[in-house]
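Each remark here refers to the structure printed beneath this line.
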Amino acid sequence: MIYFNCDYNEGAHPQVLDMLCETNMEQTDGYGEDIYCSRARGVIRKLCGKEELDVHFLSGGTQANLTVITAALRPHQGVLAAETGHINVHETGAIESCGHKVLAVPSKDGKMTAGQVEAAYRSHIEDESFEHMVQPKLVYISNPTELGTIYSRAELEALSVVCRKNGLYLFMDGARLGYGLTAEGNDLDLDVISSLCDVFYIGGTKVGALFGEAVIISNPVLQEDFRYIIKQKGALLAKGRLLGVQFLALLDKGLYFKIGKRANDLAEEIRRACRKAGYPFFVENNTNQIFVIMDDEKLDKLREKYAFSYQQRVDESHSAVRFCTSWATTEENARKLAEDILDGKIE
Amino acid sequence: MIYFNCDYNEGAHPQVLDMLCETNMEQTDGYGEDIYCSRARGVIRKLCGKEELDVHFLSGGTQANLTVITAALRPHQGVLAAETGHINVHETGAIESCGHKVLAVPSKDGKMTAGQVEAAYRSHIEDESFEHMVQPKLVYISNPTELGTIYSRAELEALSVVCRKNGLYLFMDGARLGYGLTAEGNDLDLDVISSLCDVFYIGGTKVGALFGEAVIISNPVLQEDFRYIIKQKGALLAKGRLLGVQFLALLDKGLYFKIGKRANDLAEEIRRACRKAGYPFFVENNTNQIFVIMDDEKLDKLREKYAFSYQQRVDESHSAVRFCTSWATTEENARKLAEDILDGKIE
Amino acid sequence: MIYFNCDYNEGAHPQVLDMLCETNMEQTDGYGEDIYCSRARGVIRKLCGKEELDVHFLSGGTQANLTVITAALRPHQGVLAAETGHINVHETGAIESCGHKVLAVPSKDGKMTAGQVEAAYRSHIEDESFEHMVQPKLVYISNPTELGTIYSRAELEALSVVCRKNGLYLFMDGARLGYGLTAEGNDLDLDVISSLCDVFYIGGTKVGALFGEAVIISNPVLQEDFRYIIKQKGALLAKGRLLGVQFLALLDKGLYFKIGKRANDLAEEIRRACRKAGYPFFVENNTNQIFVIMDDEKLDKLREKYAFSYQQRVDESHSAVRFCTSWATTEENARKLAEDILDGKIE
Amino acid sequence: MIYFNCDYNEGAHPQVLDMLCETNMEQTDGYGEDIYCSRARGVIRKLCGKEELDVHFLSGGTQANLTVITAALRPHQGVLAAETGHINVHETGAIESCGHKVLAVPSKDGKMTAGQVEAAYRSHIEDESFEHMVQPKLVYISNPTELGTIYSRAELEALSVVCRKNGLYLFMDGARLGYGLTAEGNDLDLDVISSLCDVFYIGGTKVGALFGEAVIISNPVLQEDFRYIIKQKGALLAKGRLLGVQFLALLDKGLYFKIGKRANDLAEEIRRACRKAGYPFFVENNTNQIFVIMDDEKLDKLREKYAFSYQQRVDESHSAVRFCTSWATTEENARKLAEDILDGKIE
């Protein structure tokens, strides 16, 4: 069985693992106060072009989302998110468990627009019973989104403007950021993101690390006492240097972006096969997730050799499914899948 | 200014107030362990035809909702509710504040159907990532609903069947129950409700009491340790007998239903005027809330004399508004409003 | 049976009840936005000598405590309280239920000293693992305390100085404030308290109201969005005017202080009998709670006629118990108890 | 600088790291549903002698504690713990953040006795205001404790008997279990522990793993829906196999116990030096933590070469400090420290 069902089927990129092995028996302080975390923070600040950023290393996406949102909000405040947003559907109510309502906004492509944020904010403050309703305070977006789409610089700027005007925090979930920033058509970079967002994270788990997300906080209000919240949520890794080491290996010399780009290229090869074979896309995008609509018969056949994930039924005989490439996908496997989609060799 | 904006503009029905005055200087135990609470419990058990019910008296609707739901759910479990449900929109995230997601279900008339509950439940347990999603465990309905509609016995039975089959709790918010049980077309009573629901409440605040909701728990699982939860939520009234006295005054000799019926009759008088004047209803119902669509000019004129609440814009020149009658509405005021709607005398 | 077990055995002072009756059928806005709440706020601001205070009316003490503390703290922050403090022992973990640890400080007389607060604060910030510990942020005191003792102006000033120096909030639970401010030896008043505390409340439930606590917020940081939190906690009374009316009746012409003083005087009469009969006090104080140590035989005899509360065993044959007077205690009953303590007539 | 300040200064035992490297590029399912987690579960069940155990792999101790306790308790229930317990002092209020009070019990050696549990339980149910107090429901112990002491089989049996009699859950934090089970005088094993406790964990982070704790649930009530809670708390590692692989490497052939024993032996060498040099112990124990009292001058000198942790001041010129050995401590470093304590060579 070849796995295309997600982007975390393997361990870590060999260069990441090597660095973990090399540093394994060194003695360091715990809880992220070691030299590797410190160096990784330096690299990230440099990539963002800002010395004043706070950088914290957490273990996973849900953990990062709930820690950031807990730190940012007062009890009566909620999170605006696309209805497809990970926090709204796939984290077992982690945000609500921390006391906050997710205020879901309709979305077709996984994105939320500045106009939607403005409308939600206005609708709240103009309601005569506003104190009887959750106060929107933080805008949660992911880039790439759950549907593999990416925000343009113009879209992100517009969101940032609306948020700042209305006193809202802008938070970007970057669990797959490496695939987003290297996608065709992308015009964002870490400098721009760290300028426009109050807080965001660079995902490691899905882009070459064993595990780990680097949370970057630019808004000083959100920086205060953040480590207390990390500890309280059970998210302060004892051997924090494991995260520092991994992000150093990924970011110090550009490995993160190289492997992100490569995964996108392999995804494009599979997309080309889909196009050629006449399978329409459920969502158009250029990152490592491919959402395609196929007839159920074809899907049954592919299931014999490949693991992929089911998205939803489209009509009586067709379904949308998702294939993911990742930093670990081999050219051989991508080629095989492309050929099986085409029912023929690619020369 | 004459108030039709809600059903809690006045204090208590005079008979309720009289009983509070008569008993005022008696010494009793606190926290609902007095003779009046005990007698009120007896009356309620008799009206429900069941001796084994637990009855607790709380101060208000949001308090009742959050206390019941907190007591019923484990942390990963959520509440199915119509998207218009009070807990979903007008309680400042009280349920999320207690850690639970409200799983909103589309609804046109404020009701949720058995089919919707079954579909939501199935969709959860059939999802391969079910552990990554909030588990539906309690079905929250209100009767009458936020839109003044009522559940038929058949509808409630169907909900109850689906809930029991799937291990879900059925909870009825009865903040306006007195208006629902006396509405034209109603075929429910306390006996049936207490048989079909695991927990429900009889609302006093909006139907003749100064304040108070009588929470009735028929499911023994939900009865356990409920008073601890009441206390923890700040909902255990020191002078609990105030609530016992009020429910005794309301329920012992049928006052509650008499004043409920009267409010519905006055609402019907206003509805008749609307029909005669050609104003369509935003929602059709038979309880004390009237949802009617009028042109903005007419509304501006009515606003000079009456307070009512704005529901939503319908088109460029029309809006839906809500007029409420209550146990306290005078015949004179209802008549005045009807005439002003008609722009003419009613003989 | 004559009740001395607590200070909430009866309803409301007749003048309070009269005003509720007189205003009963008036139509007002809900949720505390009526003319009576507004007038009561004005009276309180005047008594405190400050126009800029926020005043909110809640239903009970636990509710007031959990609402204020929820509004004041971020998730990693905790409350310093005497180990005997109500929030630490008798509210079923209401504060923890809102996510905050109560950091209990030893206390013999129910009070916490400025020195203890300073020590707790220092010990936190000087610990190298401070981020692994709950951050003390709010100091909770009650006046009178659970043991009926009161803070002197000098003690409160010292607490206030320490709190402000260290960025801590000072919160006074005034559930029995009326008995404290009229006690012999008291040198506090509402002006001083509202100057020294960031937030406090004037208790109505135990001092003449049916129910109700007036929360007064002087610190502008704590004022922000407080009504959202009230609503979220189920503490926003629909007919808020009930609370406004009661506090107006109690405070407008000094009734609150008159009845507080009277209860203290009756307590003193009972204390005199104890002294004369040779029963030592468990705690020395001058407010409406009497903590006295008696032999178990005497207590058994008193139990035949009186309800009082058990404090704790002192030795094999003696126990400490509590007798409470209140605004409602009759001179006749106080005299009876005094005589039964003395086993003889008082001429 | 040589680190003896904690037992997590290095990465993983080489055999653990080797297995991570060997399996690195294999494709597996995520979230702990892979073959390695499955095999590790099998090994643990065999070591415990019970097929019906649920085994879950989490990333760290605070995370394990908060997840287990959240899953086990209803909102009004609390945790009995020694006042020195990790959850009570060093997890930034993680348990309170989940809504539960930690009911701290005095302890001199870090342990809680069956008698203390029985007394706390009785005191709760016999209090007439029991519903106004947090209900004790779970007993949290750690083995070894925070002070390095261990429970005897007789002590654990007594705790288990009291817990079962009173419907309390018994939960053992085994963050350092490997050092406890191989300590001189220990008479516990995994079979006994899994029979006597409702839930416990085998700590990996401090005993040879990069990170990870294996939570073992024997009580079927606590097994239900546990994975939902893991996910909600952000504790469901995407690449769960990382934890399975590590526990397999540690437990399959006894490595875990071998390295635990070795660390204890090195600690004993240091203890011998302390005894010989005349330094008294702050706490007597036989595990990898050494609590010794030294004069401040000596400590200053040791600080030049060694990192260790400060426990508390004992008198004007003496302090208690902690030295930790671990699976990674070298014989050379242990010897050096012993000699520097003795101010002389050990031949």
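Every chain is named by a letter (A, B, C and D) in the order it is written, and numbering of its residues begins at 1.
Operating definition for what follows: a residue touches a chain if its C-beta (ideal position, glycine included) is under 8 Å from a C-beta of that chain, and two chains touch if they have at least 3 such contacts.
As the structure is a prediction and not an experimental result, all values here were calculated from the model.
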Which of A-B and B-C has more C-beta contact pairs: B-C
Where chain A and chain C are represented by their mean Cα positions, the distance between them in whole Å: 50
Geometric centre distance via CA averages, chain C-chain B, whole Å: 34
Interchain centroid distance [CA atoms averaged], chain A/chain B, Å: 42
Per-residue overlap in chain A, given as positions that touch at least 2 other chains: 75-76, 91-93, 97-99, 131-132, 228-229, 231-232, 236
Arrangement of touching chains [line / ring / star / complete / other]: complete
Contact footprint of chain A on chain C as seen in their complex: 70-71, 74-76, 98-99, 131-132, 135, 225, 227-229, 231-232, 236
Chain B residues within the chain A interface of the complex: 75-76, 78, 89-93, 96-102, 128-129, 131-134, 310
Residue numbers on chain C that touch chain B, as the complex places them: 1-3, 6, 8-12, 14, 17, 20-21, 23-30, 59-67, 91-94, 97, 205-206, 210-211, 228-229, 231-239, 241-242, 328
